[in-house]
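After this come two complexes, each holding chain A, first together with chain B and then together with chain C.
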Partner chain A sequence: MLLIQQLLNGVMLGSVYVTVAVAFTLTIGVLNFLNFTIPTLFMLSGMGAWALAKWGLPFGLTGPFPWPLALGGAVVMTIAASLVVERFTFRYMKAKYGDATEHAIPLVSSLGFLLIIENLIRIGYGTDPQRMDAISWDTTINLDGLLLRAPQLISLAVALAIVAGLTWVLKHSRIGRGLRAIAENPDAANILGVDSKRLVPVIFMLTGLLCGLAGILFAINYGEVSPGMGEEIGSKAIAGMVIGGLGSIWGAVLGGLIIGIAEMLTVHFFGADTVQVVVWGLLLAALFVRPQGLLGHHSIGKGKL
Partner chain B sequence: MLLEVRGLDVRYGRNHAVKSLDLHVAEGEIVTVLGANGAGKTSLLRALQGAVRPASGSIRLAGHELAQATPAERVRRGMALVPEGRQIFVSMSVHENLLMGAYLRKDGDWTRDVDEVYDRFPNLAERRDMKASVLSGGEQQMLAIGRALVSRPRLIMLDEPSLGLSPLFVTNLFDLIGELNRSGISILLVEQNTGMALDVARRGYVLELGQVVLSDEAQALAGNSALTQAYLGGGHAAAS
Partner chain C sequence: MSGYWTGILTILAINVIMAYAIFLPVATGQLNLGGAGFQALGAYTAAYFSANYGLTVWLTLPLSILVGGAVGIAIALPLLRTKGVYLVLATFALAEVIGGAILNTEALGGAMGLSVPDYVDYPVPMGAAVLVTLFCFYLMATRFGLAMRAAHDDEVVTDLLGVSVRGVRVAAFAIGAALAGLAGALYAHSYSFVESQSFNATLSIYVLLYVLLGGTQTALGPLFGAVFFTLLPEVLRSILPEFKSWIVLAFGAGGNVSPPDESWRFVILGLLTVLMMIFRPEGLITRTLVDRLCSPFTPRRRVLREVAV
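On to the complex of A and B.
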């Protein structure tokens, strides 16, 4: 019974990884760029939800926000931050140095954003983890001894719904076709009149949305946020993305869930100390056996969505 | 005048790919641009479609200055480029590729244009929902041309469309170019297949090192074998 409980916990943890892994996949798939601000955006959302609920807007502009407003506000703030990153990292570099997607420049500048935002938060709120107050609708469902918390179930449902919606948009909408065209062949897309200056911000908005949701889901589920919360989630999400297959959104879903479950099972059988070894060992083994990932294509690098 | 190009310069860093080039295409004309590899033909077409910004010069389509316009603006004004190597989206279905041609269409009529492409190319209709990667080279060329047609262009620019096609398909292709022209579309054709190109075109330009060295009626160019040989034959030998 405890094992099944751990499996369930793994799925719940995995749903946070899934959401972040899909954000990574989207940027890599369309822009060929590993966006290092993703873990920061995730942290920003979690810390933002906590700060809005506890203090409200900074400088005493407002009092504490009620829960729904704090969570929604955190997501909006994360999307805005992601657009700022696009404006001053990706677009600026691209205009100045030509096709920045060919270079490591956005990768490095996004790393700069990561460190600056993270340290600003540390300066503002300190390094210590912060407890989130319990949410009024945090009820526990007892299913024959298996404990399921309502927020966890909602998290999982929201994560899957977002991913399913995203896949539908990419497959069937005009914007989705434009994004896939840029992903496969930016030059041909450009010739046909697909304006990447307009579509690239869409990717960053979606990245902000996914990270924002993941951040508040994490905050609700674990009741604790900290300025460093993005680091481990970020690396696990990258591992999930790679195991699932670079460029495949459903691969990121599968990979994120596998990492989450593997982590909880490792805790169950070997204890918490061995988690890192097992998770990263799993990643290396997966890369060795199936370098393109479980659902990935052989043609890593082009046309990946 | 449908397309009027004056003093066009294209540079890639130090490489001066197109040098103060003048060229025009009248409404309803087929005009061909010939030249050896590296003469600047592809750079010219890419600058005309806006894939590269020209360093200087004027590009007018039906009187509208487009030299600094975005590719989207040029597509809206009626220019379409069928790029070298076709550049279809192999991860998309045949149908999705055609929809990419209609990407900027705001009017509701584009579905009719897609249907017309299927009528013209039954092979594409049969493979509508298949990945474009399964198409043969000739079918991929049809798809690239069909994709351009769906944007309802006034001027289609074709970059080496016969490259890599079987002789039978090349004949079909040039028949198609003539047909499209008769349906009212003006055509700017870049080709290495000099004989076929001069056969279908009304006028031609010969490029060398980014400059127009010859321009004349297609028949006159075809008759002037010594001159064309000097520019085209020599380039072929050097390239191969």
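On to the complex of A and C.
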């Protein structure tokens, strides 16, 4: 019974990883770009919601926001930040230098943005974790001895709904077709009339939206945000994405849930200290044995844009 | 020399060695985001053997180099099948696994860390840094260095011309890992204490940024990058408070100004990174720049910019 409970907890924990992992896999799948600002955007959303609810806009422009508005504002802010990142990282990734490490250019810029955003937040609001009791609630559903927390159930539902919606958009909408064309072959897509200059920002908006939602879901779930919250979630989301397969959205879902379950089982059997070794060991093993991941496509990571 | 400056010289020496450790794989076209892991290996090797077996620093340094290099080869053989984004992720994951394994090993002190008995003063790391720098300049001038450059610029053609690209990459990765081991051992003996938390992901990121901002085309790049970014925080430490008081003065408020937050240094490093990637993504020091500085009177040739495939 305890084991089943732990498995359930793992799935619930995994739902936050899933949302962030989908954000990672989307940028890698379409643009072949490992966006290291994603964990920071996630953190920005959580801290932003806290700051808006407690202080309002910076420099005393407004008073504190009521919390539904603060949560919405945090998501909007995260999307805006993601678009800024796009403006200064991806728009300059042109293959004009003929350099084998050139795929590293946006990756390195995104590391730069990671430093900027995270440290600005630290300067503005300090490094301590902040409580958000007002918006976290703790309703437990007792199912025949199995305990389910309501906010976690909602997170899982929201995560799955987002992923399903995203898959639908990618499959059936005009934008989605354009994005898949860019993922397949950017040059051919451009020749055939796909405007990649206008579609690339869409990817970053989606990234911002996913990170923003993940950030506020995390805040609602745990009632606590901190400037360091992105690193741990980000690393587990990366592990989940690799295990599921780079560029595969349902792979990211599966990988995120696997990581969540693996984490809870590790805590159950070996204690909390070994989680890092297990998660990253799984990632390494996946890379050695099956680099394309469980559901991934082996052509990801070849020539792109 | 005051303690402040000897401290900076020690950090500088370790950063230079780490920069070369990351530079060697990057020069063959392989991003290594796991520098901290290999540094931790070296540091803990030195700490363990000097604390438990009483080895002197002259024995632990070569031992750390050997351990770093051996693990480097063992890891590089399977790891370098992957490339691009996968390699970045794999090296990053490797560093996390090493850090986590150390944290969970009782013999290595776990989260408590280990104290290291044999203290070395700044001349030893400085001397090692000079030797490593000379070694890397020599290496880049040999046929092996040429093969590294070739593997970086075009792996298909290099392979066709009979150079074992994979062999070159594994060798460069392993030499880099050995150098990171040396940097770790010097760290352990200079600070007399190691804990796994100091070899975290942030360290790997900083070292990679030093190297890429300095430039990866010549052996001068990492040296410049490491020196610049080690001294930059020290310069900023004195400039930033003045800068802040000017701003405060400009807005009319005088008097005592509290010193600005330490985090501003990282914001500035991040800004520099983003700007560099926009305006000069190949790094500050490039081959053309070195050529031009070495022979300033030859008329400049116009080179058509290559079109990458």
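Definition applied: the second predicted complex is superposed on the first by the 286 of 305 C-alpha atoms of A that agree within 3 Å, B and C clash if a C-alpha of one lies under 4 Å from a C-alpha of the other, contacts with A are read in each partner's own complex, and residues count from 1 in each chain.
Rule of thumb we're sticking to: a contact is a pair of C-beta atoms (placed from the backbone, for glycine too) under 8 Å apart; a residue touches a chain by one contact, two chains touch by 3 or more.
The structure displayed is predicted, hence computed values, not measured ones.
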item: Touching partner for A:G112 - first (chain B), second (chain C), both, neither; value: second
item: First (chain B), second (chain C), both or neither touched by A:R177; value: first
item: Chain B versus chain C as contact partner of A:A188, first or second or both or neither; value: first
item: Touched partner set for A:S196, first chain B, second chain C, both or neither; value: neither
item: Touching partner for A:T25 - first (chain B), second (chain C), both, neither; value: neither
item: Per-residue contact with chain A, leading partner among chain C and chain B; value: C
item: First (chain B), second (chain C), both or neither touched by A:S235; value: second
item: Partner chain(s) touched by A:F88 [first = chain B, second = chain C, both, neither]; value: second
item: First (chain B), second (chain C), both or neither touched by A:S226; value: neither
item: Overlap of chain C and chain B interfaces on chain A (superposed complexes); value: 303
item: Touching residues on chain C, where the partner in the complex is chain A; value: 26, 29, 31, 78-79, 81-86, 88-90, 92-94, 96-97, 99-101, 103-104, 111, 152-155, 201, 205, 208-209, 212, 216, 261, 263-264, 266-267, 269-274, 277-278, 281-282, 305-309
item: In the complex with chain C, residue positions of chain A that touch it; value: 28, 32, 34, 88-89, 92, 95-109, 111-116, 118-120, 122-123, 231, 235, 238-239, 242, 246, 273-274, 276-277, 279-281, 283-284, 287-288, 291, 301, 303
item: Contact footprint of chain B on chain A as seen in their complex; value: 174, 177-178, 180-181, 184-185, 187-195, 303-305
item: Contacting residues of chain B [partner chain A, same complex]; value: 49-51, 70-72, 74-76, 81, 83, 87-92, 96, 99-101, 103-104, 147, 151
